[in-house]
Structures are given as C-alpha cells and as structure tokens.
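Chain lettering (A, B, C, D and E) follows the sequence in which the chains are written, and residue indices restart at 1 in each chain.
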C-alpha cells in the first residue's frame, strides 16, 4: 500500500476567505498534519491557474489524496474533481473543506475564532482524506427499448415521440383497439373537429411505425429489474411473453366518474354525464331544446377535493354544440367557478355567452335539485344575484363530472414500485420541477394517469415523457455516483435491518459466498446511507462516507487518535 | 515466630492501627457481591464471606492499569511512568487458594521476564490470610491441588478462627513487623490452649488428578471438547474470575501528541483473542478455545514454569459460568478416560 | 442578526460542537446563511453526509464520550427528504437517543436534532446561535477517566 | 447535413429544462439569455405554489446542472441578431453585448460591487431596491460573474471613476471589451422567452403609480422574499409599516376586452400563495382576494385554496372592484366593490361597499416578453391576436410553431404555470430530438 | 412435570425428530441449575424443570443453524420472545427448532432468596412451586416463601407472547400473573426522577466498575453478529481498555443496538460479575419504545422493528 501523501490547497477567494481567516496560519498548521506532503494557498483555487496548480502539485509531489479548503462542494466539487482526474488521480480521492460559507462569511467579526475553526476543519478534512479509497462509478447498460403502458392519446404520442427518435417501443393496450378515452368523444374542443378525423391517422401512424410493436388486448402482468434492465411480462389472451426494456412510460389514463347517488343520476333516464351526452346526441338524435348542465358534480367536495381541470371546457364545448344546432334552445350551465384558463378556453367561454348560454353560479351548500318523477322535468336552483330560488325547465340534465383514477392503479403502482398520490393518481417525483418523472429512475408518467389533463396537455406530457425516457436509452449507460452502499458479506449477520430501511428496495438478502447475506444493487442504490446507520455490526458501509472516514473526522475534532489499521 | 492468639474484639483494633500506617485492603460487601477494596477502618470489612468474586489477583495484576503517559512536544517525547502504589499495603482476609495463585503468578511476572509493576505491588504488600471456615463451601476443591486452607505457607500471617479467638501464625519478617505493630493485643498460648485450640481438620472431596496432564494430552483430537463446549457462550467470565489467569492486552489511548499506554485483562475465550492480522485464527471456534483453556491450566503452564497445575481449586469459574461448564466435571471426565497407566 | 459570539476576554470556555448536515437541505441552508453573511458563533464544525439518515447513534455517543461538548444533527423537514424517507429514521433514532442520553445523565442540550431546509439560512444561523449558547451555559462536557486522568476509576 | 445542435432562446426555467434535456440526449445546446444570468422570472419568486418550496432552492440546482453541462454553452447577456435557413439547417447570428468583464477571470467575489459608487434602480427587484453599476443580478446568479451596466457606469458614460478596475484582484475588468457576433449553425430553434408583467397603470381606476400602497404581485413577491430589498420584511411603500390587512385584486388587465381578453392562468394561485406567505410571516395579518372565478385547476391546487381559507385567514370575495381610493392621512387604500345584501324582507339588494386595507396588490395580466414581436419577425413566426406565438395544431402538436424546425414552449406560446412550462420544455426537446436524429435513420417522417 | 419432559425427549430423540435437545440440569450443587445438551436418549433423565431454571437457552439454537436435523429446546414464556425475534431477524427458520413449551409459574432470583433466607444458596437443596408460594428445603426442613419476596423482577409483569406456536407443551402455557403493587417501570421511573447530576454519578459509578468481560454481550440472544462492531480495529470504535469513558461508549452503543430487540430476559444483569444493573438501562429503552413507537419486541412475527420503521405522524419535538 503506497504511503498516503495528502495535498492541501487553501483558498483566499479574494478577501472572501483571506479577509477573515489568516490563511498563512492555516497553511503552516496544515503542514504539521499527518501524511500531508504539500500545502499551497492560492488567490482563487477555482480559477484556471488555481486548477492548473493542483494538477502540477499532484504530479510533482506524487499526491494520492487532495484536500481543497475553499467554498461549498455543492457548486465546486465537480470542478476540482475534474482537475484531479485530469492529473490522473481518481476523482474520489478528493475531499472538500468549506471555509467560506461555513466559516469566513459567517464569522467576520471574530478572525481569531474563524482561523481556529478553519484549522480544525482542515484537520478534519485531512483526517477523512487519509481514508478515502478510489472508486469507480457503477455503470450498467441500458437496453435500447421502451415500454408504454396504455394506448390512448398520451400512450400513442409517447410511443411516436420515442419511435421518431429511432427507439424501439412496445405499446401495450388492454382493449382491442387504440384510442383510449377520446373514442367516446364525438367532437373535439375548440373547433369541434370530429374525433375520427384526427384519431384514425394518429392510430394509423402508430400501427405502421417500424419501431413500434403494438400489443392489443394485452396487460402488463409483472415488471422486475430497474432502469436500463426492466423484465416485463405481458399477458395476451392467456399466454405471457417477456420483454426486455430500458424505460417504462405509464399512460393508462383515467375514467369518467359515474356520479351514482348525485342528482338522481342512475334513477332518471334523462340525467346523463357529458360522455353519455356525446354518445347519445352526437350520433344524430334530435337536439334537445331545454338543457341544464350542472358542473362540479362529484368534484371539489370533501370526499374528492380536486378540480377535474377540463370538465368546464367540455361543458362549454357541448353547450356551444347545442346552441349552434338549436339556437333557440335554452342552455343553462350551473357552475361554482368556470375554469376557463388560458386563451382558447376563455375565448370559447365568451363565445358561449354570445350564443346565449346562461351561466349561473350555485352554492355548493345548497346545490340544484332535479324535479320530476320518472323523468327529469326541471331544476330548482338558488339564483345568487337575485337571491331567490328559480326553476329551470329541463328536457335533459347533463352532469359534468371529473376524471377519476383507474382502480387498476394500485396494482400497477406496486408492480412498478412507484407511489400513488392522495386521490389515487400516480405521484410524480416533484410537483413543480420533475412533474412527469418518478423518484424511481427509468419510470415516467404522462396524461390523466398523473392528473386529469386535456388533449394538448396529455400530448405535451407524452412528448415530455418521451424526451425523458430517451435520455438513458440514448446514452446507453446509466452511471451512479460512487457513493453507493456496499456490504462486507464476510461479517454480515443477515439481520435484515438494511432491507427494511432502504427507501429504494436496493438491498436484499441473498445466498452468497458467506451464506445468506445482504447484497446491494448499485444501480438502484441512491447513496443515502440509511442502511449503513441501521447496520449494527458495521458490515454495511457507504463509499465516500464510511464509518472509518467519519469516525476519523470526529476523532480529529476531539484531538483523539481513532485511526484504525491505516497509517 | 511462635503461634499467638488475638481476641475477636482486638482484631478490629489491630486492623485499625494497621490502617493508620498502611493502606488496608480487605473484603467488603456491595449489594451481595464480595470484593477486595481499600478501607479506612476495619468496620467497613465483612467477615461473613467464603471468598470474593473478583480474586485478589486484581490487586497485583489489575483489570486495567496505566503503564506510562507520553507527551510529544515538537520532536522531543517525554515519558512519565506511573507509580503503581502510593503507599505500602496490607491485604487482610485473603484465602489460601488465592495466596496459592499468587505464587503461581509470581512465576509468570517475576521470573526471567520481570514485570516491575507486579513485582513492586508484591514486595510492598503484606498478606494477612484468613483460614477458611469449616465446613468449606461444597464447590471448593483446593486440597486437590495441594492447597491447605489452614497453612500459613505463602502468606505473611495466617489467622485461624477457633471460636472466640484467632490463632496468629506470623511466618515472615513482614508478618512479625505487623504483629509487633499491634503490641499488647496478642497473647501467647498456654500449653492447654496449644493443644485444644486446634482448628477442625478440613474434609473436602479430593479429585483424582494423578496423570491428569498425561491423560489430557492424549485427548487433543477427542470429540469430547465438541460436546463440552456446546453450552459455552465464549463470554470470558471464567478467565476474569480465575485467580491464575494472567493474559493481558496493551493499547495506547489519547491523541497523536499525548496519551497513556494502558494494560488490561484479555481472555483466551474471546473469538478474536488469537486472531492474527492476516485474518488467520488458530482457534476459530469455541471447541478449540475451551480445549486450549484446560490445556494451558493442566499442561502448558506446568511444563512452561515447572510448577503444579495452574489451578487452585477456588471454584469461581464453575460457580459463575452461565453455560454451566464445570472444571471439576472436566477433571473427572478426563481421569475417567482411559489413562496412560491403565493402558 | 446573531449577537457577538465570543467575548474576547470572557471566561474563555469555548464549547466545541459537532454538526452533521445533510447534503441536500441543511448543508445548503448553511451555505445560504453564508451567502447571506448571517453572523453566528464559531463553535460548530460541520460534517457533510448525504442524508441525516446516515448519522449512526454510535457517532453521537462516541463524540460526546470523547469530550466534544455537543452534537447537532440537521436534516430536511420530514416529507422533504431527497431520499423520501431518510429523515423519518433520523427522527426515531433522535427521539430514542435523546431519552437514553438523558437517562444516563447527559444534559439534553448536548444532543439536538433540527430540521433546516435549503432555503432556511436564517433558521440555520438561529439554530447554531441557540444551541451554542445553551451548551456554553452547561459548561465543558468533562469526559470521565480515560485520557484526561490517568487514574482509571477506583479499582 | 443537419448538425446535432440547437439554439434555445430564453434562460428561464423552461429554457433551462429544455437545454438540460437536449444536452442529456447528447445534442449541443446554445442557450441564449438576454440578461447577465439565467434563472428568469422564477428566480424572482420567493416561494412556489402549491408546495411552498423556496423557489431558488429548486431552481439553483437546475441552473448549476445546466451551466455545468459539457453539451451546453451559455450565451448570457446576448440576443438573437438574425436567423436564416430552414429546418435542419439554420444559420443563427447571436449578438453578445459587452459586459466589460473578462468571464474567465471574474470569480463573482463581489469586491468591485462593494466599492462601485454608482447606484441605479435594480430591475431584478422590479425597481424597489438599488443596485450598483457593476453588479451580480442576484446572489445565486449563474454564471456567477459581474456585469457593467454601460448606461450607468460613470466611466462608460462620463469617463470618470474605474474604481472597480483598481479593486479587482483578479484583473477581470476590461473596458475595451467589444460587442461580439457569433455565427451558429444549428438544426432547430427552441423559444422559451417567458413573460413580462402587464403595466396596470393604464387602469387608472386602480390608482397604480398614484397611490403608493397599491403595488403589483411581482413587487410584493420581492418585498416578501428573504433575498429581496427589505430582507423579507413586508414593509409597505408609504411608511414601511407592516400591513394588518392586504387586498389582492385579480384579473387586473386579464379577461378584459379593453386590455387582455385571455385569462393569465397563474394569478389566482399566485395571489393565494402570496396571501399565505403574508400570514405565515405575520400571523395576525388578514388577506382579502377579490376574484371572479378562483381558477385553481392543477394538482393539489384546490387543497391549497382550502388551506389558505382555513389556516391562513384568507377570505375570498367574489367581486370585481370598481375603483381604489386612498385615505390621505393614513395613505391606506380603500377598495370599492359591489356585493349582494339581503334587506330584512329577505330580497337581495346589490349595493356598493368599500373595504379599507393597508396594502393593495394588483395581480396584473402577464404578457409575452416585450421584444417578442421583434424576435417573431426575425424568425418569420406568426403570433395570435393576444401576442402569443401561434401554434398551428394545438391539440396534437402543441409546441410546433408555424415555422418548421422552430418550437416554442412556456409562457411565450400561452399562459401557463411552472409545471406546465417545464412539461412543454421537455416536449419541445423531444420534438427537436426527432429532427436532429432524422438523418441517423431513414424512415417516413409523419 | 420432569418425567413428562424426559419421556417426550426420549420419544423425540428416538424417532429422530431432532439431533439434540437443550434443557436444564442440576449443576455442582442442588440450587445451581445449568444448561444441558441431551444428545442421547440415555442422558434424558438428567433433564429437570423448576423455578431455578434461569438461563434463556434461546441463543443456543444459533449453533444448530448448520445442522441438517432439528434442535429441541425447552422454552419458557419469556424465552419464546427470543425465538420470535431470532426468526424475525432471519437468524434461523422456525421449523429448524422443536419448541417444547413449559408452563412457568415465576422464577427465583437467587440473590433475593439469599437475602430473605439469610443463608447462601449452597444450603438450599430444593425449591418447588406451590401456587403463590415457593416451598424451599434448607438443610432438611421445608419453609414457605411468598413468591413476591424472591421473584425475579421480570416475572412481576410476565409478558408471554400470546400468539406463540409451541410444537409441544408440558401443560397450558399462560402468562404468569401475580398481583404486586410494583409497576413494570418503577425502577426506571425512580432513576428518571433523580436530578441529572445524581443520575450521571449513578451511571458513572456503574461504568467505572465494568471490567469489559463482554459476558453481557455473549449471553444476550440479540447479540449474534458474526463480528461485533467493538471487535473491529478498522475503525476502532472504542479501546479495549476498560476505562469509564470507553465502557460508557460500549454500554450506550450496545443499548442502541438492542433497542427494539431486547425482550427483557434479564440474563445480562444476572451474569454480570460486577453487578451492574443493566436491566434498568434496557428497561428504559423498552419503556420509551412502547410509549413512542407502540412496539414490543418478540411479541409477533410480522411486525417491523421500530428503528427500521416509521410513521408519518411520529412524534416530532425537533421542529
């Protein structure tokens, strides 16, 4: 084992550090530390000439550890690690000591204490550096194919998004044909385009695409493995075939809520949902004259708090559809808020009003009542502006309900080890900045499976998930930073603490050379270290943060010799 | 010096005078556990005890002692040796089995490889042995190893309780010095007393230890050790309570610039006792370790130091072993095995 | 902001406090306190770990027994952990260890756990200030026996 | 030959996300940003709804990842000069405005900013605070390099001073620096130019610009932000007092045929967030939100509104205020609006009433970036009547503009919040990837 | 009871149901009971049962892991909790053990009996269970001792795992109940009420006495690591030397490892040669874990140990 030779580089950072911490004193002190071969200070270690001086010192003094005492590793660690790598030193033999944000900038009024603190921080850094080991980043290959679950608009678009980049796609759809939910919709917002005009060419393009294999009447039975190496079992009429893919996109969509128990829905024949309206009236049945549309049915209520996002849009579209065919028809939309966000929906909201659609706000505390026995004949509602009850004649009552999560979601979520949110929709990694990825790598979600989304939003999300899924596949390799956990099977007593504690299911008890012991899958391990802390015997260690390194830092701080067998 | 006697009441006074001049150490009781520790006055001592749990060996070869402190100033290193004793000591109430064990330990610590700490403690300590009450404890078997509970051999003074007085046999100068200290408290024995004031003879079951070593050495490969070691938990209590065990470990505690070198007891029953840096361990399982413990007592120690067996029959190990491994049964099992003479 | 940290000529006792900060939240919070130049006492030394869930109770016990005056473990707010569950374990271990240390007579202020997110620079500074003053009030954490006295207990 | 590179215009969260995705796919990305640092509007926010994450905490890692990526070249303080060519083969000229600072030397240490004597209104803090002539836009700016504002710098305007040059130990100041023109050959363009706030002064009835304590949503955001001019203390402009009651007026300029007919989509949630922040900082502060439709349509948005009402003392008033007057001595703004009240006979009466508050926040409409028209001409892009970039087939090609090979994502093509912009950014990246990997394989392209 | 046990063992050994049986036998004196390994039918008659069978034999099953056959074990209610934990922690499969449940009516604490009788256990030749008393034979004559005077601490609040699946039982195994005014956590609460400095002094005295003989570790079923963290030299967590500071590290770290594992079998305190009240330290942990995480070790197979589990609404004093 070559003798450990540590190089320490203390930065002035202009006067940001040098103005408070007496850097020369720290440099002199660093020279007295064990195994320190050379110490240097520079005005800006992160500048070009700072980095080149690191490279030179590594070569000149044969350094096999580097400690830089300057700002924060969160921004500059990659920079200095690269400099070490360029000088032929494994980039994990590098330790960062923060003497700016954590020292000089916050102890400006006490240079003496700041200098003392800087010395101790350097001593701790050197103590850890002495026990750093070279690491290789774990690489696993990515199988160049993707699985898209669900053949609706989102699924088809995601498949095209990937296929048009030259990536092989398996599209699995439960029904016997592609299209999903919008097959039940006759005309599309905003222009009232016929669905077939647009759906068939899209489905056509998917079916004929060289890169897309469509599995109709099929269901995903089981998914094992991890990013780059998923084994997928797809069951189609009885027999199962196994696929190998590198990424999975969930595009299973959602269902329209059938509001049994609300507004006498299942009791009266002429109380229908929006999809039922599309089915019955857009096939040529004669357009009804008095229509009352009730919005927020089964939505924004204590049992289901979320807003269905585009059910208002559907209500407006169909109200306009009726008015265009039957200008004298009286169409009332009873709403709590008209969610006509953006340009196009607000425009069509205004157009509906111009066509004479009447929008009345109702109070959720005393909602409209459907009058009539055997058939709905009228709707009584409290008119907020006039402050009194009015009765609207109704030949047809249309209930606008939100989309709800499919009841198959729990099965899929367990299979893919991805979480579900409160309302049963899939829970993304970060609501704002990683909206269509899961925290589990290699699995993505788009369309109403994540949250109700209209067609443009589903399509955008589908393309986005194609973009995300293509990244690992294009790169062909998945690289995990070498801070993963590693189990010393010789001393592991298989108590299972680590398996219980791992948030990513990256540790399992398996038969190995020393009997049944814990084994970590580096591809899945994110390097949090929870398993290391839960391991009583210390068999489980985390590279870059193992017990020997951290304990030597504690020892260095307490001026205590705890170094193990090392130097 | 011929035998004297001292009344039970005067014994306390005598011990108090000793406590004035020496550091007096004797048996004290703490929550049911007897241990030898320093006392200011004889009142703190107890006389109702068979023996201490931790043997008086710990007063000469303590569980932990600092050997020296080191301080590094620049290039120069200062050493400061620890003085084992501040004051000469008198140990009262030591039993003859423990006295016997000290003579065995003397061979280890004071023969060719002299241990200055042990030697100084031995030289500056006077032993007042207290003969065991009769009948002896059922577990004791010291006579098997030639220990006579009533003989002053090995100690400086032997006190024997004969009802309302103690017989006092001072056999060394140190002993006589102590007796001289308690001037008026002692009285010579009259003829009559010399004859009747005799302690009752000790009747203790004798174990057959003839050729114990030879029979043992024949059993090296015997699967007896496998079965014997089954209940053993490798906990090391037997070595920590054994008056003749003397293995120790040394380690430095402190920072790179100053610290203290300590010596502390170690136990051959620990799984990593014989573990070498290479990872090789000549005694990997408790079968080997159990066997090794008895081989050391009855074979290696006698051949190394030319003494008798390294056991004084104090029975501490068999009383306190949680697994119930009993040395008396081992001795019986070995002698029951077909010995050399029977072959 | 934070008051004057060490009085120059004061009683001279400066507690030494070990801080574990998780890379994603509390270490970033410390950085933000730095970037915002929030002045604070200089008694804390930070060890960066990837998650507060990595901090073994053994570190805390060893640090306190080896004479450090206090140990502060910082983590993300529960629910915001970068690894989703790490700080839930920190919370349970912290709860148990706090009670255990108090039970053997170690002052409760010497081991503390706090949640500091990446945006709470001010909270980081206040926490450091508060913990330092609490521990300074306790006085030095006299380690028993061992290096500091060559007399290893009454044998 | 369509080379494998792309120009992304606009360094806000959408531009950053698109650049990261494209760079991770192995394409060369030139990110052109007009201001000295990437980060865009999101960098000015204190917190983001509905999770109340600190905006900078979730933005900074993305900025660092984007700037540090080997496939991304940051062209900050630069503009699109000219675009020629067609899909797969664009010639883009970019004008790099002179910073008068050598980027390779400057380390953002801030010595120069400290010594610079010239102070001008700070546009990052929407003019509330002041900044120096040589400045870092905000502490976490990426790149962490200073810029000299040539209109403000005493030397560049009057030939005096140059104190920054003396102070700079890194010797990074270079007054001779000239404008630079870059010629880039790229396969596609991706626009992410974001939005600007609509100036509510034109609605005189609300008195913005006349009544001191009537401010805009963005100004409020800077006041409440810890890195803002008042360090997070909500000091109202007139007397610096912390307001006891705040009124938020929605749809100022939005859903208004005279100004902006469309709904800007984000202001309902933005107002609720700011009301929650106010109450979080000052527990006994009461907020009123005057709205027409409370459009909380996204995931966990409704729960956010309910929490605002139940836990943060926010009350929602469904009415569109007519005008705002001011009480001269207390300079407290008074909001006039109409409400339905029931007479004793129980029949409703509409009457006008007023509410005196300490501070009014106008949630103004959001419009595409001011020099958006100019850029559209350079690219030959059509705009819709509201000024957003026209998207031909919004349903099935939501990010494709009228010009092949040019894609648009985020606010520049339609009002949307951060998650939707991030989604569209990745979607645009996917579309760009389709073009740039076209010649890798031959196949019929839809 | 003993002959029923001996017959059962003979039968089980006979039909090869197990390789050997672990029970209790009499040691060198009548009151000294020690573990007994019966490998052959002929030795079955040495097996005994009574209130002096104190050891928790469960740890011995770990030796039988690599046996191809099974191992028989005599199991009291409290020891059964160790079997539950050993199985739960993947140390041994449940069907590797033939569990013979024995109805235990409470055990004797020898030290308490010595104090009450005023004579060393050496003189005690027999102790028999008689409902709420013990019949103690000393030098020929038998005297009655109220159980609550000499019972082991843990027996006052016997927590037998209700759901335990014995393979055989020598009679209905029920948790032993005795009405006594002392509550389960009395000793712990007494210590908790002490002011901080006194508690510090109390525990410091204990840690000073420790000679680090490791008996508490080796006798504890929960300490089954192949290589204990304290035996590592790389890093060296604590020094071999029994200094008060190193002893404190040893005992606190072991306590943390046993949190959620300790089943209060009392062995560590019983075997400690320097009489450190370890039971109180581990009792404190059990009290906290029951209160904070509503968890008790060794009661069910399927629960997750507390420190490797969490609830979203766990107590959170750290906000």
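In this text, contacts are C-beta pairs under 8 Å (C-beta built on N, C-alpha and C of every residue); 3 or more make two chains touch, one makes a residue touch a chain.
Fair warning: this is a prediction, and the values are worked out from it, not measured in the lab.
A.B. asks: So which one's got more C-beta contacts, B-E or A-E?
C.D. replies: Of B-E and A-E, it is B-E that has more C-beta pairs in contact.
A.B. asks: Which chain, with its centre taken as the mean C-alpha position, is closest to the global C-alpha centre?
C.D. replies: Chain C is the most central one.
A.B. asks: Once you find the CA centre of subunit A and the CA centre of subunit C, what distance in Å lies between them?
C.D. replies: Going by mean C-alpha positions, subunit A sits 33 Å from subunit C.
A.B. asks: What whole-number Å value describes the gap between the mean CA coordinates of subunit C and subunit E?
C.D. replies: 36
A.B. asks: Centroid from C-alpha atoms only, then distance subunit D to subunit E, rounded to Å. What do you get?
C.D. replies: Roughly 67 Å separates the two chain centres.
A.B. asks: Taking each chain's centre as the mean position of its Cα atoms, how many Å separate subunit A from subunit D?
C.D. replies: 24
A.B. asks: What residues in subunit A touch two or more of the other chains?
C.D. replies: 74, 501, 534, 547, 551, 560, 562, 565 - these are the residues of subunit A that touch more than one other chain.
A.B. asks: Touching at least two other chains at once: which residues of subunit D meet that condition?
C.D. replies: 53
A.B. asks: So which bits of subunit B are touching at least two other chains?
C.D. replies: 63-64, 253-255, 259, 262
A.B. asks: Which residues of subunit C touch subunit E in the complex?
C.D. replies: 57-58, 61-62, 65-66, 78-79, 85, 88-89, 91-97, 99-107, 112-115, 143-147, 152-154
A.B. asks: Along subunit A, where are the residues that touch subunit C in the complex?
C.D. replies: Subunit A residues touching subunit C: 72-74, 98, 100-103, 105-110, 113-114, 116-117, 120-121, 124, 439, 483, 501, 503-504, 526-530, 532-534, 542, 545, 547, 550-551, 553-555, 557-558, 560, 562.
A.B. asks: For the complex, give me every residue of subunit A touching subunit E.
C.D. replies: Those residues of subunit A that touch subunit E are 490-497, 500-501, 509, 516, 534, 536-539, 547-548, 551-552, 562-566.
A.B. asks: Report the residues of subunit E in contact with subunit A in the complex, numbered from low to high.
C.D. replies: Those residues of subunit E that touch subunit A are 89-91, 224-229, 232-237, 257, 304-305, 307-309.
A.B. asks: Which bits of subunit D are touching subunit C when the two form their complex?
C.D. replies: 53-54, 56-57, 139-140, 226-227
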